[in-house]
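Multiple structures are listed underneath, in structure tokens.
Look at the two complexes coming up: subunit A is in both, with subunit B in one and subunit C in the other.
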Partner chain A sequence: MYSEITQTVKTADERDLMLSEIESLKSALFETKNGGIENALRANVRASVASFLRKGMEGKNASGYLDGLIRELKGLEELKLILAIEPTENMIDTIYSWMISNSLGNVILNIEVDKRIIAGAQISFRGKYFDGSLSDLVDSVLTSKK
Partner chain B sequence: MNDYKTYLSKLGEIGYVKKVLHSIAYVEGLPGAHTSEVVLFKGGGVGLVLSLGQKYIEVLLLNQSAIQVEEEVTRTNELLQVPLSEELLGKEISPLGKSYSGQEVVKKPKEMRPIDNEPMGILGRSEVKRPFETGVKIIDLIVPLGKGQRELVVGDRKTGKTLFLLQAVLSQALQGTICIYAAIGKRRDELSDIVSFIVKNKITQNVVVVGTGSADPAGLVYLTPYTAMTIAEYFRDQGKDVLVILDDLTAHASYYREITLLARRFPGRSSYPGDIFYLHAKLMERAGSFEKGSITCLPVAESAMGDLSGFIQTNLMSMTDGHIFFDIDRYNRGIRPAVNPFLSVTRVGLQAQSPLVRDLNRQLSSFLVHMEDIREFMHFGAEVSESLKRTLNLGMRIEEFLGQPQLSIVPVNIAIFTVAAIWSGYGKDLEKDKLKEAYAKLMDKYRENPEFKQLVDSMILGTPSFTELIIKVQAHEGELNK
Partner chain C sequence: MNDITIIFFGASVAVCILALVTFFVVVSYHKALKRQRELEIELNKLKLEGSTEVNRILLEAQTKASEIIKNAQIKSQEFLNASEVFSGEFREKFQQSILAGSNQIISSISKDVSAAVQSEMKAFGQSLNKSIDTLVTKTNSDLEAYKKHAVEDLNAKIFKIVEQTTKKAIGKTLTKSEHEAIILKALEEAKKQNVL
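Showing the complex of A and B:
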């Protein structure tokens, strides 16, 4: 029911943005002035998301639909990725499609930037952790040289 | 124990704090975690896995560091262990085996032991057969203890329980026993009083204090008796006699109740969790008399308004080999120590005593009961015969003798000797207020005069019954009044 819309969310930042959009829609649900929900869809929601929402709410209880969507978004699993640089859109797309092709459905990226790791990445998912950073490699080399 | 980063890269498992409820943190992640495993927080916190849920792991927090939501956690694949060596003697430590400020106390540990050990099986155990001297006359003569006995010390607050325990520590430490004092959730000033007593009496080389304050996290307070018992087991395994004092287990039960209620365990009687009996019984079971060494355990329970029928108190009574009851009524009447000899019980203590002490115990106990009967009879204004007057006078002299200044200890031999002397008429013509002086003089003579000490010790050693002892003491009457 919600998969079409949740598949458009790739990162935790995007999820948070979508949640705030839905919250603003929910507060406009029972407004009679200022054009009600349609106006809120135009003014507060990104066009790409608004079209999905319009389609989704058609002929349904709008409030129930939005509550369900919030639950669905909050329930998305996160893969935490610490990088040394701010990732580009392309980079995010590549990583995300790798995740999807490896059957990690309903998962979004939670990206943090920490320059102290120098290069590479630190990854944690479902309680497992992998340190693939350059700083860790340097540390281990220095420790073994002592 | 290594640091957070080492464990993270070694085990490759991470979790995130999702909720913190006082002393419990709920952590998401750590798929390989198991119960009782130590976990480390990135910010320096230490925790213990309490239970594993479908979504969260329940972690008991063990130190004061502020845990934040979304803080990273890693597991260690280790149970909580304490470093053990002789370096512990004379130290005050927290249940984590470190100083209160978190510094390492044991620089070169000989051994690391998990604090939640299984009690030793029946094959390694032996009968309680050696006497345990507390230095408190009323205890050593009326409710005597044996090495390896588990004796509950129960009474209202401020009735002198801790003072008695310190007397027992002093008496035992002077005889070479290793004493472990577990101060559970005590106030800082109470803790420092205990330590200053130990330092003042120069017995630090035989004492370890495992202490937690009332401001410490509930998880840390909960661990105090376990660490104390683990240290005791370490010294026991070296063939030494150990005394463990658990002061007090009602506070321990309260802290455990706090933890389990926060963790939403189903509350039972008085809101205590269902496993509180198991928890204390398992702890008590770790003490005892063994083929090699012994662990004498004196757990403490605080009662309210002299009521011994509380849940924790009765639990502890049923899992120990007797109890010493500190009576608030006797305390208010000025009797020190306020031990009630009629409500105190020793189950295996008598079998560890010499035939003389057993005989004396029987006669003294029945005499004290007889005295109580006479006192009740006197309430009716009955006429007092000469023989009754003599009995009352003997009772008064015995009661004066059984009183003892706080924090002083009396060797059991001179106590037995003095009772025999009193029985044979010593001090019968003295006024009540002069009696204490006369008894003190006798004690001083025993301490200062080696010849007299030898006479008393050999007399006690070579006499099988109290009646014979009275005869021997009468023969040396002149010696008493010198």
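Showing the complex of A and C:
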């Protein structure tokens, strides 16, 4: 029911943005003065998200649909990545595609940047941790040269 | 006698009486004036005599006071001279007695003390030499340890600079696609290790 829209969310930042858009829609549900929900969809929600929401709410109880979507978004699992650079959109798409192809469909990326790791990624998921950065590698090479 | 005669006689008597009264008043005034002059002269005389007497008494008092002060100064100077002479003599005697006493004590114990002092000096010299040797050894040891620590510290700092420079150089040299490839490789490795 919500997979079509949740698949458009790839990062925790995008999830938080969408949640704030849905909250603004919910508060507009009972307004009749300013054109109600349609006006809120046009004014407060990104176009790509608005079209998904219109389609999703069609013939349904809008309030119930939005509450369900909020629960779904808040329930998405996070894969935490610490990267050495600020990722581009293409880079996020590539990583997300890799996650889909490796059976990590309902997982979003929570990305932080730390230049000290040089390159690669430090990965945390479901309480497990893996250091795939070049920081340790460089340290070990330099230490062996001491 | 007729009335005119009586009036004339009465008037003459009244004029006579008036003349007598006037005469008496003039004489009395003259006497009083004379007495006043005498009194003034007497008063001036007394004043003159009084001031002379007062001046004389004051002069006498000043002279006496000067004499008393002068005598007191002379006496006090005599006392001071006497005390200085006494204290000088006393000091000299006291010093002499102390000197004599100490010489006596020193001469009585000098032989024993001389031996003891020589022995102590010898022991002290040996102890001093030992202390100096120990100090030199410890200083050399400390110096070596400090040199070693300084070299290690310097090496660590050099290594840190090399490490930071290398990391920055590698991080900046990589392109975005190379970064992406390394990230995907890290994800693959995490999957192999069952982290994902």
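Here is the rule we use: the second predicted complex is superposed on the first by the 138 of 146 C-alpha atoms of A that agree within 3 Å, B and C clash if a C-alpha of one lies under 4 Å from a C-alpha of the other, contacts with A are read in each partner's own complex, and residues count from 1 in each chain.
Everything below uses one rule, namely that a contact is a pair of C-beta atoms (placed from the backbone, for glycine too) under 8 Å apart; a residue touches a chain by one contact, two chains touch by 3 or more.
Everything numeric in this text was worked out from a predicted model, so none of it was measured.
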{"item": "Superposition on subunit A - do subunit B and subunit C clash or fit", "value": "fit"}
{"item": "Touched subunit A residues, subunit B compared with subunit C", "value": "C"}
{"item": "First, second, both or neither for A:S51, with subunit B first and subunit C second", "value": "neither"}
{"item": "From subunit A, separation angle of subunit B and subunit C (C-alpha centres, steps of 10 degrees)", "value": "50"}
{"item": "First, second, both or neither for A:Y129, with subunit B first and subunit C second", "value": "both"}
{"item": "Touching partner for A:S63 - first (subunit B), second (subunit C), both, neither", "value": "neither"}
{"item": "Subunit B versus subunit C as contact partner of A:V138, first or second or both or neither", "value": "second"}
{"item": "A:N106 touches, of subunit B and subunit C: first, second, both or neither?", "value": "neither"}
{"item": "First (subunit B), second (subunit C), both or neither touched by A:A119", "value": "second"}
{"item": "Minimum C-alpha spacing, chains overlaid - subunit B and subunit C, in Å", "value": "8"}
{"item": "Subunit A residues contacted in one complex by subunit B, in the other by subunit C", "value": "128-130"}
{"item": "Residues of subunit A touching subunit C in the complex", "value": "79, 81, 83-85, 88, 91, 94-95, 98, 102, 104, 115-116, 118-121, 123, 125, 128-130, 132-135, 138-139, 142, 146"}
{"item": "Subunit C residues within the subunit A interface of the complex", "value": "159, 162-163, 166-167, 170-171, 174, 176, 178-180, 182-187, 189-191, 193-196"}
{"item": "Complex interface listing, subunit B residues touching subunit A", "value": "8-9, 12-15, 28-32, 74"}
{"item": "Sites on subunit A touched by subunit B in the complex", "value": "124, 126-131, 136"}
